[in-house]
Amino acid sequence: MSDPRAPAPGRPANPTATNRLWGGRFARGPAAIMEQINASIGFDRRLYAQDIAASRAHCQMLVRQNIIPAADGDAILAGLDHVLAEIGSGTFAFKTEHEDIHMNVEARLAALIGPAAGRLHTARSRNDQVATDFRLWLRDAIDQLDGDLRALQAALIVKAELHVDTVLPGLTHLQPAQPVSFGHHLLAYVEMIGRDRGRFADCRRRLNESPLGAAALAGTPYPIDRDLTARLLGFDRPAANSLDAVSDRDFALEFLGAAAILSVHLSRFAEELVYWVSTAIGFVSLSDAFTTGSSIMPQKRNPDAAELVRAKSGRVIGALAGLLIVLKGLPLAYSKDMQEDKEPVFECVDSMALCLAATTGMVEDMTVSAARMRAAATAGFTTATDLADYLVTNLGLPFRAAHHVTGRLVKLAEERGVTLDALPLEVLQSVEPRLTDAVYAELTVEASMGRRTSYGGTAPERVRAAVRAARERFL
Amino acid sequence: MSDPRAPAPGRPANPTATNRLWGGRFARGPAAIMEQINASIGFDRRLYAQDIAASRAHCQMLVRQNIIPAADGDAILAGLDHVLAEIGSGTFAFKTEHEDIHMNVEARLAALIGPAAGRLHTARSRNDQVATDFRLWLRDAIDQLDGDLRALQAALIVKAELHVDTVLPGLTHLQPAQPVSFGHHLLAYVEMIGRDRGRFADCRRRLNESPLGAAALAGTPYPIDRDLTARLLGFDRPAANSLDAVSDRDFALEFLGAAAILSVHLSRFAEELVYWVSTAIGFVSLSDAFTTGSSIMPQKRNPDAAELVRAKSGRVIGALAGLLIVLKGLPLAYSKDMQEDKEPVFECVDSMALCLAATTGMVEDMTVSAARMRAAATAGFTTATDLADYLVTNLGLPFRAAHHVTGRLVKLAEERGVTLDALPLEVLQSVEPRLTDAVYAELTVEASMGRRTSYGGTAPERVRAAVRAARERFL
Amino acid sequence: MSDPRAPAPGRPANPTATNRLWGGRFARGPAAIMEQINASIGFDRRLYAQDIAASRAHCQMLVRQNIIPAADGDAILAGLDHVLAEIGSGTFAFKTEHEDIHMNVEARLAALIGPAAGRLHTARSRNDQVATDFRLWLRDAIDQLDGDLRALQAALIVKAELHVDTVLPGLTHLQPAQPVSFGHHLLAYVEMIGRDRGRFADCRRRLNESPLGAAALAGTPYPIDRDLTARLLGFDRPAANSLDAVSDRDFALEFLGAAAILSVHLSRFAEELVYWVSTAIGFVSLSDAFTTGSSIMPQKRNPDAAELVRAKSGRVIGALAGLLIVLKGLPLAYSKDMQEDKEPVFECVDSMALCLAATTGMVEDMTVSAARMRAAATAGFTTATDLADYLVTNLGLPFRAAHHVTGRLVKLAEERGVTLDALPLEVLQSVEPRLTDAVYAELTVEASMGRRTSYGGTAPERVRAAVRAARERFL
Amino acid sequence: MSDPRAPAPGRPANPTATNRLWGGRFARGPAAIMEQINASIGFDRRLYAQDIAASRAHCQMLVRQNIIPAADGDAILAGLDHVLAEIGSGTFAFKTEHEDIHMNVEARLAALIGPAAGRLHTARSRNDQVATDFRLWLRDAIDQLDGDLRALQAALIVKAELHVDTVLPGLTHLQPAQPVSFGHHLLAYVEMIGRDRGRFADCRRRLNESPLGAAALAGTPYPIDRDLTARLLGFDRPAANSLDAVSDRDFALEFLGAAAILSVHLSRFAEELVYWVSTAIGFVSLSDAFTTGSSIMPQKRNPDAAELVRAKSGRVIGALAGLLIVLKGLPLAYSKDMQEDKEPVFECVDSMALCLAATTGMVEDMTVSAARMRAAATAGFTTATDLADYLVTNLGLPFRAAHHVTGRLVKLAEERGVTLDALPLEVLQSVEPRLTDAVYAELTVEASMGRRTSYGGTAPERVRAAVRAARERFL
């Protein structure tokens, strides 16, 4: 650096973690390093509501099973409610010296209700506790994501219905291929998001088993009732093997896997948005709400939100790869490596929530230029296939011959710089004398689109039915 | 290179692709480059059975719907059977000039039955054809993997039943924590594999929709019956949107995601095997069949198979990341990028099949040294928790006091280099006078293990029940 | 599958590995599984020239140091030459029972020259041997890649020189921003490729240390001369630590890292090509050599090669992630996991070679439509910044005021659907009365481009100098 | 959730981002979504010192080139110093409405010095500004990481020197192979870290070009002096192409690649530490400072720090994959996707700094049990190779015969449960009558180790020289 006054950069944003001695020495001593590398309260505080809910259920069970006295149980439940309220209202003082959310809650509980607090940890350990909290949290997050996904489907379906008859050039290799309904195109994403929802739902179902009672790794001698705590927490059943319950995090991996696929779907739609709103294409425009402008070029609408949605796939796929790597080769049961499971999941949930909100917003916000879409769809001879089909069906030409005739006509049109249906009849007849005026009606993009009536096809009548079906299946 | 006679290395193993000119120039000209980068027959030939099955179904439907004459249909079906037999018997000559499996089959069909072969491609395109073939192939692969997974569970359950009463030191942080049943430990993997099977089954269910009839991207004007082809091919239904059907590959991503999680599970078990069979630990030994030896050190049994299983997770996770990247940001509908979807899936299926065979083989092959396991389990004061529990339950000590007493006794035992249950009674009583001979029975690893009777716990009676339940749930 | 005649699919392409029993059972028995999972000759045969070169050097050194008799040394050298010739001519019979390339060569050597062959392995082990071979191979591969990269730079520079004065709309967010020279744009990639070459060169320099003589892991008691073998093989020096020499593969990781960055650079250029050649944009066209067509739509030029180049980044990044995962958490020294190091590197080298050949070919092949580029550059008010600059510099307006005036004029032009320089003077003066005819000369894309004369800028004179400099720096 | 009082979880930790409406709706409106997805001030504030340093240099150049008046320049420089002081002292109020660090600084500058502030942005754009800041930041971070890496090497070298003569069982496949010096083993990591430093240095050298003056993408018409700003900021030269300068982020990718390799090296050492400190192995112990204990099991020293270092490789590799994905397929020049470049780099720098501090601390802290290492090294017949060598060298046996004799003796020792050098002479002679007492001296682990005197080998004299050389090369 040329400026010696600049403080040492490149270091944690957290000012307490930054000090001049750090260049070469991370912290003033081993204790400081350990605190920094070890404490998880900086991120696992997000589990607070689940941690307290799980403790409440555990406490109720301990009382019911006569493992702790009812009076202590009442004190604990009241104390936990108090802690919950404190955290909810922002008055709770999290402390790094208490390492994690579990210890922070328990320490505060002890301060509030005294020694009875100590009984709460009977017949459990932090190993089953954190596994329980994390599953509860992720279950809630999935429920919220499902709502976000449904909202995106709703926005797409609404827009699709408006644009059943809007003609878009269907592309392969970014080259015009055949005309398709813009509504049909949007419904393709409704299908993808539908499968994404299915993947999250499967993940939710599979993770919905209670680790509580697995204790440190081997179960517990106390006469606990794991069915009861599972039921109280909305789990389908207790996990069947204590070692598995505290050792595995495949539910987090499955979640990240589903999110990675979703992020790829969103990145594809974002790519299309960036392309559609570009000046050269102009199929769609977005309002100021979802673009950034320039003080000089008033026509400029940079699709920043779409670009960021596209980019976030990197972060989500990176999070998935990262957690797979953390777990690779870890022996059973618990290792501290597993503390690295939460941050990627939290980041991924936040990213996906933000991306879904932005994408839904853009779908709702977008203005479609049917004229520019249609103009692009008519360029590129997208109805050449239809002309060939016409020759086969109406004039009885063999397919090879039909292709040949079509090829010659396309060449003539290309040379004149016109579309197929702008070729004069005499030109058509110079190649195939039996052609009549009737052919023109077949060469419009609307006719081409309307003809593809096979199930799942782009004919407007099909797309209209698909809109109805999508509403029933997804909304 | 010091040796000028050495031929140019670092180039494709395929000898036809290697030539001296290539150093610096990849191929003799653009055509050669394109053929090399474009042709997929080198790998997609694996789809041959599915490609022919899909063509048979499509042909039957075309006849039924009167789209092609019955006589042509018969000729096509007979011809396809012939091609299938040729490929199955290894007499088929694949040609790169025909690019892919679809064209290779069709060209051969044309050679066999003449122009009627041309009618087979009516109302379909390579876009829906390859999507159909790939789904069929993956469905078959999943069915076979499920059998392999079930076989691994069976081997684990058999071994678990033999070792319900075998005491293993349960580890956290690779440090002894509490004694656990070795059978219980093996059942933890039965649970993981059970969830893996669930993930593959969900993937199979979700992919089991027929793209056939989506044609290039927009559907087709021909009066096809997509329900019929779907039914003939064992699909649950036709895919609802033609663009989605040819554009998405999320089924392959979902498969790779499930495989990546499985590979992590297998890597964890492999890590444990490598550790267990090491000279220093010696819990398990493997026969010559699954180890490699050394001509000098006869005791050496390098667990090569386990190490390779552990390593394969890298390849599978890499394949998952790779395909996510291929699809990221691709606009609809088909782009050539998507040709990169098959190789990672093929490699992953092969890797997983091999890893499962090797792991199942090692489980069946392994010899357990119960004595070394028990010895290790008694070291490390793994029953200290039990002593504290005893003091609470039998002498009525508060938990804190019980911990304190236990800590002092452990320290005394550590100083003498003995286990807790080897401390003389007078030493015990010097710390807590009310202790009697009765305590010794509580301090054995068997007692500790037997006491953890909570559901999912390691007590042998629980593990025996878990073995029975696992048989019912999984085999 | 609906067709029971279809053979079991989803299995290794290698016919010897496929058998009907495999469904559920991978192989007939443990031995078969081990052979399949263990043998590396299927891929490491690519190291043959390096393996023989390293053996030759080792043999020469053993003779020089009087560790083996000169006569034996002569026999070994002659035998190795023979083996090299056999492999080079394709007459060598590789055998899976000999596991890897080292054993295959040695077994053949023994068959050729008898017991003296056994002396070759004195004072080395397969651990240092494979590390040596792999480094030599990668060094050669890097040298060839460097040639390929240089060839791509040459093609870009040639094209850049032709198009110094060709105006392209410089895009940000896929929106027109400012006019740039197409030559300047191509030179941006010359810079990127230049840094890629630097990364490969650094990797080559760092890997160029000889592991030979590290033996199994600890060095050897024989009086070997590691400097001599290093020198004979073109290494800069022997590796300084025997454990490090056989345990680490960071050179392969560094190579894959450099390749991943290169693949991203190529994917960006490929994305631009796909966009440029699309019907809607039409800046560039590619000949049949690098596109695939359609028998119906003669104008269609699917840029398959560009799409495949774009997609290959997935494979390369996946290979990088995969090998990082393999090595993560491996204790020293050698573990069998490390056998997984070669396939990702081989695949990556092949992919990059193919992608570079294809990209270079496309650059050489492409035809530029300067007219369409210029037309697009004049749309989008790309010279609005220039107008504002003019107002500041010539009329002395403060920047804010200049922006304001520009914004109003752009709005007027937008309403009329014309470019800025097509606004009549009276319209200009209605907003800023002091404007004169002189301003028009400043509003052309050529003027805008020509004005950016700062070092590294897009003014043709700068770009011409940059072309000359690039030739000197890179060719 | 069973507890309806629990607030909606799973949402951003930032309380201002959380609101009840958010479940299903991300934010109250498009504006809020855009602000959240678009603003980067939450993380790019870490660039503040670099941003101000770059502005200072730019300002000095503008004055020198007479582009802005000297008086304005003085005001700007004084104002920037003021802003720097405010941020440094924590009194600066960052505002999300100003989006990023550049706008926050500039807005504050305007408030401090008035309209002259507006002149600072002459002849630059945020595109070249952020590229400049980020390079400066990363350069500083690399310099600090290099110090950390050097500190780790220093700790390893100090420990290696202490343990030149300490015998460790050298492992392959986690099985004892040959005795090695523990100092030699530690020096293997010194080599790896040395190459890591080389990679970071190469990255630093390559990134040390100034983008400043590239402006938005095309350069600028102002008569700027890019050499001057480059020099003032310590860059080696200005970047040669304006498009490349604002479009590429390969320097960040190269940094992440080097960090990923480093993280794998650290994960390997961490794995060894976890193994060494485990109760079953006991080669090394760590103090309370780097372990966590248990109130019950006083012997328990959970190596949490080592486990976290091992796990962090997941995060770093994920960050690398993530940024490669972000950049894959992005057309030139700037896209908003590129805003995703900073967070992965920041996290990676923080993770690596923490991991290096922890690893260095553990190396300094660790206590070595030479006795347990030696005991383990003598088990496993690690000197069998030495016996065979002895037979060849001293009794003139052919190598095959020597192997055979050794194998029989090892088998006899194994049956008796003793080491080779504990076999009575008559037993030795029963297999090879010419053996004498002299052989025993050759069979100790010290003799084996001492004999490996080849360069890079484990003989103490070699290791002592290697320690000296390492000091010279690295410290």
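Note that the chains are named A, B, C and D in the order they appear, and that numbering of residues resets to 1 at the start of each chain.
Heads up, the rule we're going with is that a contact is a pair of C-beta atoms (placed from the backbone, for glycine too) under 8 Å apart; a residue touches a chain by one contact, two chains touch by 3 or more.
Source: prediction; values computed, not measured.
For the interfaces B-C and B-D, the C-beta contact count is higher for B-C. Which listed pair repeats A-C comes down to matching contact pairs by residue number; over half match for B-D among B-D, A-B or A-D.
Our note on geometry: chain C versus chain D, Cα centroid distance of 25 Å, whole angstroms.
In this assembly, the C-alpha centroid of chain B lies 32 Å from the C-alpha centroid of chain D.
Taken residue by residue, chain C touches two or more other chains at 172-174, 275, 302-304, 307, 310, 313-314, 317, 320-321, 324-325, 328-329, 335-336, 385, whereas all remaining positions touch fewer. Remark: chain B residues 172-176, 274-275, 278-281, 295-304, 307, 321, 324-325, 328-329, 376, 379-381, 384-385, 388, 403, 406-407, 410-411, 414 touch chain D in the complex. Chain B meets chain C in the complex at residues 1-3, 5-13, 15, 23-27, 29-31, 33-34, 36-38, 43, 45-50, 52-53, 56-57, 81, 84, 88, 90, 136-138, 140-141, 144, 147-148, 151, 232-234, 287, 289-290, 292, 302-305, 307-315, 317-326, 335-340, 343-344, 346, 349-350, 353-358, 361, 365. On chain D, the positions that touch chain C within their shared complex are 118, 122-123, 127, 170-174, 177-180, 184-185, 187-192, 195-196, 198-199, 202, 206, 213-224, 226-227, 238-245, 247-248, 250, 253-254, 257-258, 260-261, 264-265, 267-268, 270-272, 275, 310, 313-314, 317, 320-321, 324-325, 327-336, 385-386, 389, 399-400, 449, 451-459, 462, 466, 469.
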